[in-house]
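Next come the structures, one after another.
In what follows, subunit A forms one complex with subunit B and a second complex with subunit C.
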Partner chain A sequence: MSLFSLHGGFTGLAASSRVRLARNLKGYPFRLTPAQHSEIADKVFSALRGNPTIGPEFEKKQIIPRSTEASQLVEEHLISPELARNGGWLIVSRDGGVSIMVGEEDHLRLQVIGTGLCPKECLETANRIAALIEATLPFAYDERLGYLTACPTNVGTGLRASIMLHLPMLTATGGINQLAGYAGSRGCAIRGAYGEGSQAVGGFYQISNQITLGASAAELTDKLVETATAIIDAEKKAREQVRSQNEAALRDRVCRAAGTLRSAYLIDTGEAIQCISDVLVGLQMGLLSGVEPQVLYGLEQRIRPAMLTGAPQERDQKRAALLRETAQSLRFA
Partner chain B sequence: MKCEKCGKNEATMYYKETINGVTREMHLCPECAQKENLGGTFENAFQSMNHFWSDPFHSFLGGGFGSLWNDMLGTAAPTSTLLGTERKCPTCGMTESELRQTGRVGCPDCYSTFADILNPYVRKLHGADRHIGTAPAAPEQPQADPVEALRAQLKAAVESEDYEQAARLRDEIRRMEGEQK
Partner chain C sequence: MSLFSLHGGFTGLAASSRVRLARNLKGYPFRLTPAQHSEIADKVFSALRGNPTIGPEFEKKQIIPRSTEASQLVEEHLISPELARNGGWLIVSRDGGVSIMVGEEDHLRLQVIGTGLCPKECLETANRIAALIEATLPFAYDERLGYLTACPTNVGTGLRASIMLHLPMLTATGGINQLAGYAGSRGCAIRGAYGEGSQAVGGFYQISNQITLGASAAELTDKLVETATAIIDAEKKAREQVRSQNEAALRDRVCRAAGTLRSAYLIDTGEAIQCISDVLVGLQMGLLSGVEPQVLYGLEQRIRPAMLTGAPQERDQKRAALLRETAQSLRFA
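The block that comes next holds the complex of A and B.
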């Protein structure tokens, strides 16, 4: 049983939610020496450990620059590529639900992750943890500008709330370009979660708030949820439209993907993500059953290159083995 | 585990490659990994991810630190740089040209030092210039001055001729006064 595991709805279309708060301690410059990072990590860690309920849940790890462990933590979304490159500290709850990076651009980057659509719940937890730290370690705060950050793009709430959406049909029908405009008009940014530039492999997108100042963190999060919900509805409509136009073709694609996952012996990341994407559609539309979407989202993380060691072909083989194991329980409706 | 190359530092990287059927495996420290030019492997590992951590402003507004920053601030070299009389943040020493180049401020006080540069940028970026919402819990409680309390203890210690305790308290008071300065 983990203390911080948050779960939201729409699991078939919203893979995960996360909230990040950027905070800096009062009395330090933004750019710190490694010794100061270590000092701040110690202070934050003991502030958390001082709380009898949640304190024991946390552990502190040093991030060795460019280490294999650092790369894996990046793939698990627990640290940023910058922290993996430059080193620093990670204070993380045992279940990975709450993590605090020390040594990024800002002194502290507090992150809360949940599954499904649950940014509000993530924000509540993030606020609780931030308040707990702030009770003993005051943050750099300005009456007018709010929480001060190294980059002016984060000033104010320091909030970055984000939802990973699975929108393959909107991608296929070209509706995604309109969505970018729609999201922009609502103060949100949407972009592909994997792949170069705007191309989104497997139809996975990240939608997040764009501004951090002038509205409260709760308001910004509400707006994000509203926007994401509207986009989810559009994707559902697009799926039904595709079904009504050519159900046989849809079923063929979904079942072929399931077949590939069940029997492939070598598979690269791109094809694997595409197949997982198609199978997720099949599960959500009732064409397949037997595997929970959350299991596939989790799998999609575990098959990324840094999570599998070895030469490329060896990785393709390990990836295929992982996918075969899960896909065995898929049933065709 | 020690690095297989230098044998001195702790190995933090595992490297494996197969070329023409010959497999090479190494456990290396970051230094040797860089010498072996394996750093590229690390850099490339995340290239295919438009990562959660990368800033949407920076990635959306084009290269570098975003065209908005460049349009508004990045291009002009302040005359003062050329004259050697450049403005500096008194707290952290960040100069105006460093700020313009990096788009990052050096410390909380830079926001007031460079308010004339940053305020219009912040307003344009967020469409607002006033924070709403969460603030530090309560204004700091006006606490009884801890130094004052120690002084009273010191006086009592001197009166009771406990000089050992008095010396300890005196040092403690000096230390705290030093911190306050």
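The block that comes next holds the complex of A and C.
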């Protein structure tokens, strides 16, 4: 286990958690030249490398605009689509748990990712890393407003905490729409994790805080976790309702999805995510066994288009091979 | 192996063969009363039971019109839908290989079934059984016309020889239509084995002789086998063509079908037959292994609606359980 691997309590329905802090450096204008980006990346990298414990964990990469590597980093959630388009720098820990973008709309975008429901743990790590940088590179800070950011929606804490949730049955029953309203009333937003707008392929959603001001980062994160927990409970209830309505049909669906993952020779991303979603439901409801849900959440990342090279049919073939390998261990309970 | 189990050369694409001889008894009118049916059934049964070798193999059953047992016997191809509707008698060997209907449009309909391509073997057995009956119960015979039958289309040999063929690729490419014309020019007809008219679910067809007069039963059977063999060769060519166009897509299709049979918890007859068809192609083309094609041809009979009792979802569940049991042994080659 490497230094920054964070694991939250496995409720099973939270795939991963993420915290991002937006920070800008005192003494620099908001808009920087490529030369200044390079200079800042060097300084941040030196500040981290100077620490004997965590320093050796980090490496620095230049992001070449619109490169294949840039697309892959976007799908690994290590850089934003904007940085992939415009170029800049990435300072990243070996395990990918901590990453710092230089050249996004803020000077620094510090991100910590963990598996399961762990935004609090991610925030603690992010605060430690930020403090280490701030010791040599003071941040732009206002006594009244807090941390200053390029966009006013980030001012204050500069915090964006988010949790990836798997809510297939709330999607099927339409209950997700009411819960989106509930989340909004608590200063949180729910978005489909893949696909455009509200279309959530496989029932994967991201819930995040929308307010960055007027409360501490810790308070905002606590509220997000509470909201997510209420939504997870609603999904669990929806699943039991589906089970009580027609258990045989539910079992058929999850078993067929397992069968497809175990046997398909060609599979596109959409069908693969749908099957992973159904198999996750089966594992979490005791209808399937043999694979840890976290393995499937991880696999879901590795099968996305830019992660696989070649012509479309070749990618479908590689994707199917990756899925078959893991799915062989699935057992019908 | 029981007495009448016939097995032909396994070309693999011939599921089964069947020969039927229509015979009527001298001294009876064509249209009989139920009491006469019962009397004839007794006489035929006695004639067979009198033979020490094959006698003990046979049993006699009364067919109750529109009973569940009658429907099952229709799907086992042991009686005709007409006999199931109107009632009558069945004298049948323990293995189902030889069966005699009493009460169809002819007094006797003697049928011999075997697996694979074996109409000649079936005809030999049918002739032996017919001779045994004829020794005590002379048949209505005319020197010029041959055996007399209720319907003029059966006069002469009273023969209907047929072969169940599995032709999924000729169905997909449409080549089956030309071959139906070819078969017609040789006095044979091709019909979809399941489903109405030309719709052949899973690509299963029955080819049979259409002419019963002007040649011996053996000559007619030889011609049928030659015609079927030419069609089988065309199907094999069509398969290799499909393989050469996109082997990965073909492999995907047969592997997914295997996955569905191995994992579905509910499955209806149509999907089951389609999956069995795809898996058969996989086994015969070396993409799958672990199950004998003949086991699947047999399974295809056992999963039909009347063979399974209960509400529709219950039947789908029993069908899926039967299929999973066999499909567990399937391996990807």
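In the analysis below, the second predicted complex is superposed on the first by the 331 of 333 C-alpha atoms of A that agree within 3 Å, B and C clash if a C-alpha of one lies under 4 Å from a C-alpha of the other, contacts with A are read in each partner's own complex, and residues count from 1 in each chain.
One rule holds for everything that comes next: a contact is a pair of C-beta atoms (placed from the backbone, for glycine too) under 8 Å apart; a residue touches a chain by one contact, two chains touch by 3 or more.
Remember, it's a predicted structure, so these values are computed and weren't measured experimentally.
Looking at the superposed arrangement, the partner reaching more residues of subunit A, out of subunit B and subunit C, is B. By the touch criterion stated above, A:263 is placed in contact with subunit C alone, subunit B being left untouched. Within the superposed three-chain model, A:321 lies out of touch with both subunit B and subunit C [touch as defined at top]. When the two structures are aligned on the shared chain, A:230 is found in touch with neither subunit B nor subunit C. Of the two partner chains placed around the shared chain by superposition, subunit B is the only one that A:151 touches, whereas subunit C remains out of contact.
When the shared chain is aligned, no partner comes close enough to touch A:307: not subunit B, not subunit C. In the superposition on chain A, A:132 makes contact with neither subunit B nor subunit C. Legend: residue contacts after superposition of the two complexes on their common chain; A:141 is shown touching subunit B, with no touch to subunit C. Legend: residue contacts after superposition of the two complexes on their common chain; A:252 is shown touching subunit C, with no touch to subunit B. Subunit A residues 313 lie at the interface with subunit B in one structure and with subunit C in the other.
Only residues 248-249, 251-252, 255-256, 258-260, 262-266, 313, 317, 320, 332 of subunit C touch subunit A when the two sit together in their complex.
Residues 18, 24, 26, 28-31, 64-69, 71, 74, 77, 80-82, 84-85, 105, 127, 130-131, 134-135, 138-148, 150-157, 162, 189, 191-197, 206, 208, 210-219, 269, 305-306, 309-311, 313-314 of subunit A touch subunit B in their complex. Touching subunit A in their complex are the following residues of subunit B: 10, 12-14, 16-18, 23, 30, 33-34, 39, 42, 45-53, 55-60, 66, 91-92, 103-108, 111, 118, 121-122, 125-137, 140.
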